[in-house]
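Scroll down for the structure; my scribbles are underneath it.
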Amino acid sequence: MNPQEKLAITINGETHELDVPVNKTLIDLIKEDLGLIGTKDGCRQGICGACTVLVDGVPIRSCLELAVRCNGKNVTTIEGLRDAGNLHPLQQAFIDNGAVQCGYCTPGMLMMAVAFLKENPTPTEEEVRKALIGNICRCTGYTGSVRAVMTVAENQGSNQTKSIEITA
Amino acid sequence: MEMHGEYQISADRRTVWDALNEPTVLKDCLEGCESFDKKSESDFEAIITTKVGPIKMTFSFSIEMSDIDPPNSYILSGEGKGGASGYAKGSVKVVLTESNDITVLSYTVDASLRGKIGQMGSRVVDSVASRMADDFFNNLTKIVNERAGTIIESPSPTQVTTEQHKPYLSRLLLGAVIAGLIIFGIVFLTTNP
Amino acid sequence: MDIESSKPTAQDPQKLRHVGKPCKRDDLINKVTGKWIYGTDFTLPGMLYAKALRSPYPHARIVSIDISRAQQFPGVNTVITADDLPSYRFGSAIRDEPFLACDKVRYTGEPIAAVAAISEEVAREAIDLIDVEYEELPGVYDVLEAMQPGSTLVHEDMDQYEMEGEYNRCPGSNIVGHTKIRHGDIEQGFLESDEIYEDVFTTQHVQHCSMEPHVGIAKIDEDGSVTIWSSCQSPYNAVRDMANALGLPYNMVRIICTGVGGGFGGKNYLRVEPLIVALAMHTNGRPVKLAFTRDEEFIASVCKHPVHLTFKTGVKRDGTITARKITAIFDTGGYADTGPLVARNGAFSGTGPYRIPHVSVDSYCVYTNNPLGGAFRGFGVPQLTWAHESQMDMIATRLNIDSVDIRMRNLYDLGDKTCTGEVLRTSVGVKDTLHLAVDLSNQGMQHKISDSPRIVRGQGIATMHKLTNTPSTSSVIIKMHADGTVNVLCSTVELGQGIYAALRQITAEQLGIPMEHVRIRAPDTDYTPFDQSTSGSRSVFHSGNALIRAADDLTNKLCKMAVPLLDCPIDSLVYNDGAVWQKNSNKFITAKEIIAGHFGPRGATVQGDGTFTPFGAKPPDKETGQTPRMSAFWMYATQIADVEVDVETGRIKVLRIVAAHDAGTIINPEGAEGQIVGGVVQGLGATLCEEMHVTEGVITNPTFVEYKLPTTMDIPEIVTGFVDSFHDEGPFGAKGLSEPALAPTSAAVANAVFNAIGVRITSLPITPEKILHALKLNQIDT
Amino acid sequence: MSLPNFEYRSPKSIEQAVALRQEYGDDALVMSGGLTAMILLRERLVKPRVVISLSEIPVLRRIDFSEQELRIGAAVTHSKVTSSAQVRNIAPILCEACGHVGSPAIRNMGTVGGSISHGDGASDTAPALLALDAEANVTGPAGERRIPLKDFFHGVFSTELDDNELLTDLCIPTPAVGTETRFMKYTNTSEEAFATVTVAISILRGKAGICTNVRIGLGSVAPIPMRAVEAENLLCGKVVTKELIKEAAIMAASEADPPSDAQASREYRRAMTAIWVRRVLEDIFLDKCDS
């Protein structure tokens, strides 16, 4: 058996103490050990973006990160976007703007969009496209997801509501 | 993938043969060659390890001689099994010509490589392949020239022609394959005539 | 009420409550929260993980396989090769493919052995311990060479394979399918023409790249019955092909569909299932799961057929086409898969939506040792459209005729007869799509014009038509619960295209109940009735019509049950808005009350059953391709592309694509636009940057690092529009929608590039390198 | 699908890391951002006994600057460089280069030191660092040594680093006043693809338009990130004209030794080297000559 290490990791606000083999990737920890199936495995080379999660608020490729390297870190997955039952505004906007068809790229794209909007609340469309360049979608042709992010940016900009603080 | 090149060695053909006669000389020229032994008149086996960056691969080769026209030219074809990391296959035609007191060794290689190495991207291989072949011939020229005296001029760079695109596996290790194949050819020639 | 009278009349749209209105899909809430379960997420207790050992050689004899080391590796449950299986062979058109390679391998990536182990890592390590001795054979990689008599045979014993009826093959050669169309007298046609132009076009290997790789789990019970959980498009294709391969009765093979992360045709037939079934036969009942890695998606699944197309067209000086002779050669790789059907489909749409009196088409499906060609969104039509729309512009230039005019002169009208002898009697909106595209295009563009002298602008147009696989059948069962809410049991699969929303709209409209009362979930062939396939843009038309019939059957039953409850004769009763009414009175009884009244308070379910097959559709004649009805419906589309070309680098920037489509009545407007935009972007990928580089049967770029898909930064402004068109046999007048979206894009872009810099690229993809090379040749000529 | 078995070490200081490297030699795989290491592991191209992670060595994630130079720790991510005000005002083309690496999430993981020590000819950041005349600060058992970046790359995936050394900093000398720098990454398939050619140029324009300190860095057009030395010599000490720019561009293209792959052929990469070196030079000398 591969050598194990003790790992203290917070996932979507819940802290776990686990013994983890050192060669376990973060995506395998999330999906196999913690049963959070929302993060998707598309290419295992860091190109398609379906495996994007937030580590301390920063979007990374969970297929190219070792679980043990996230010791003491705060990981947010798609399952962590819901805040007390209601959807994150971006989740609702993706539904309303035709940004989702097969849905396999959606979790990764949402995590990237959430982190991007937090850092850049009033982006131009060009900036939104640059932010999502690493999330490949084969069904929608991207116009829906770019429109969804722009809509949320405008709504947040206009009524200055407290954007739902995700558990990162 | 096709590769061909030419090397001018400042020694008469006899000196080139003598130098090439010593297996230790050949082993020094060929980086990563752990063993090579003669199985029969025209069959050889060799183990070659090559290292590119962090990647280390070991090939066990079985080689066969054909179209032997001593001492002018011959064709070598061989197959190397590298386990999971890949398969190598290639053939080399070598021609030795002598003009006044230098020997011109020209070679034409057709080789392909398959397996997991392709994951590193096909853009990697040509340069590695030609570099390793160049390294081999530089070493050879240096050693032979030490014996025969002066160096006439540096070898012409290896031209790499590419048909449309490279086979699946990167040609990363072709250099080892090519150099290895050429070596055996020469070894065979030297021991035969 | 018999079936015929229930045919939908042209209800005026305002009265419709659901069809044609925006509607929220009920699968999206689970997808944006990561709850939707795809095949890759699916696990079962005691499940084993599988890996396949794949051939590195495109054509080789298997001299020996030593699996002993793999068998002893800790954690390995089973290792199998072809010797552990009876000689099962599968294939939808021709049963030519073994579960595991036995005598020789015919394409790089063909599975030779398979391992089932307690974890993916163990299976992965064990695969490396299997030693195979190959004897490489000379392969055939050029499809033209593969067609010549005497060339290397990929399948020496092709004549012994069982084959579907309608494809004709030529044993002793590599030709596994040959479709012919003979209409009028082709030589006479060329005599009547003023000019004859012969042009050659080619297309490349393109991979579906569904974001979810192929995945499946198989389990075999003591009684020998096979259960497969699979992320597949067409469960009944899998039942038929697997049962035929295993020699089992159909009811012993059960396909349970998981969520699907994109299909695009790649998951329409068996691909991962044979391996997991072969392993499951040796794991003593434990389920076996195999999920392809991304590089297996390139080397081990099917891709879009590269096609060599020769178009010889005779035209009058005024642009009227008098004759068209087509030779299309599909490179279907080591095994046929559904190649013969794709070559056939391509042929029957191949002449383009043009009235041509004299037509001769020969469409071949040819074995090589290249990667496998299979079903890809468009089924051969995008390749043929690339040729006929490129040549149409080439002819327009040669005759100095405007490219819109030359099309208008030849496009079909209502009542015209196609080259396969079908009279187009309804919904022929191809000219309308041309007008709409031109109107939308003239409304100006967001993009400002570049002022650099190196950037040149151009615009191009392309028009197309496509049939759907005909005849084909769909059956549906509507099950009404005691509370009046409804489950629809159908085997159409939600791939992401939004089909369940459209089918729920049709059901809610027919039953007059709210959308929330209608649910559809993934099929299970033990329960859901037959549906031929989720492909060919056929689902709305066929499953929609089946739904209308099922709703009639259900409402008839409710009316019969209401007779004693309302105490009046059957013919005085009518069903409307979830209840049975007595005509010209306000007496009514709701469905809920009918069920309670008829079956008692514990309730029951009432099922409506509906089946639909287009009437009058006969398979085409094998020699001439003639048939009174080639397609249940014809889809039309016109696209206009605006491009900028950098004349120094050859780089193309597509500024805008206008897409005007005739899909009949649009059931779900938002969903429809999404299908067109997604299709256009897929079309752009195949036009500009997607190519599987295959050298001597070996793919040199099997990863997303070197096989590039369009990203958010590669998409142009996309303007979509739908002509209003009504198909008298379609549900509410609807036809089909998704496939045409990517067919005309390539030719529209190529025509725009020609318009910009006078350079004609005839091979896909249109790379900057090809443009620079062509520009240099031009400079030498001029 | 997971990785082969290995032991994991996460040293807390450079000294500990170097000691580990010395102990395990080439039986150890160093993981900085982890992008390349994870692909090598997953494809079983390497089966190291130990993986050494640099993610817990804070000093490697620092950016400091002094009068003479800007020092960027080897474990600084591409995102951090792109958003660093210090780097932006001292070496703007490095910000631009890091901003073109892969995609946002890749830039949050990949490190400047990781991509340089990998020795990839198609690196986006190496041409910029070459143009900036950067030096690699390397620490080994015998202590630190400085290697000019132009001598750092030997061949495909092979660099000056030997098995028990670590790249710890990249040091960029503060450019002289009047230095003009430009960066351009050209891809010919999709916007997210590897470069077809990357050009980074730094030129000091002295009085009367005489140019000195000319450095042209090229990526993806040779087995290693390279300097177009011949082309630089053509420009050095001269007043730059349109003609001279064309000449230098053609010279740079002839110095290149481009690979052929699925993205672009050797000939096309050479042609694009000439086009883009010329365009970048014209952009620098826009006022001098009509573009």
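Chains: A, B, C and D, in written order; residue numbering restarts at 1 for each.
We adopt the following convention: a residue touches a chain if its C-beta (ideal position, glycine included) is under 8 Å from a C-beta of that chain, and two chains touch if they have at least 3 such contacts.
These numbers were taken from a predicted model, which means no experiment stands behind them.
**Q** If you average the Cα atoms per chain, which one ends up farthest from chain C?
**A** Ranked by distance of C-alpha centres from chain C, the top chain is B.
**Q** Pick the pair with more C-beta contacts: A-C or B-D?
**A** Result of the comparison of A-C and B-D: A-C.
**Q** Where the CA atoms of chain B average out and where those of chain D average out, how many Å apart are those spots?
**A** A distance of 33 Å separates the two centres.
**Q** Would you mind pulling out the distance in Å between where the CA atoms of chain A average out and where those of chain B do?
**A** Between these chains, centre-to-centre, one finds 51 Å.
**Q** With chain centres defined as C-alpha means, what is the inter-centre distance between chain C and chain D in Å?
**A** For chain C versus chain D, the centre distance works out to 45 Å.
**Q** At least two partner chains per residue is the criterion; list those residues in chain A.
**A** 44-45, 47, 130, 133-135
**Q** Where does chain D touch two or more other chains at once, residue-wise?
**A** Each of 1-4, 39, 44, 191-192, 194, 261-263, 265 in chain D touches at least two other chains.
**Q** By the touch rule stated above, which residues of chain C touch at least two different other chains?
**A** Expected reply: 128, 293, 693, 700-701, 703, 705-706, 709, 711, 713.
**Q** Using the touch definition up top, name the residues of chain D that touch chain A in the complex.
**A** Chain D reaches chain A through residues 1-8, 10, 31, 34-35, 38-39, 41-42, 51, 53, 55, 79, 102-106, 108-109, 191-192.
**Q** Which chain C residues qualify as touching chain A in the complex?
**A** It is residues 24, 27-38, 40-41, 208-213, 259-262, 264, 293-294, 495-498, 670-671, 673-674, 677-682, 703-705, 709, 711-713, 715, 718 of chain C that touch chain A.
**Q** In the complex formed with chain C, which residues of chain D make contact?
**A** Against chain C, chain D makes touches at 1-4, 44, 186, 188-194, 261-265, 268, 271-272, 275.
**Q** Going by the contact rule set out above, which residues of chain B touch chain D in the complex?
**A** The contact residues of chain B facing chain D are 51-56, 84-85, 116-117, 119-128, 131, 162, 165-166, 172.
**Q** Which chain A residues qualify as touching chain C in the complex?
**A** 31, 36-45, 47-48, 50, 77-79, 81-82, 87, 91-92, 94-95, 98, 100-107, 110, 128-130, 132-146
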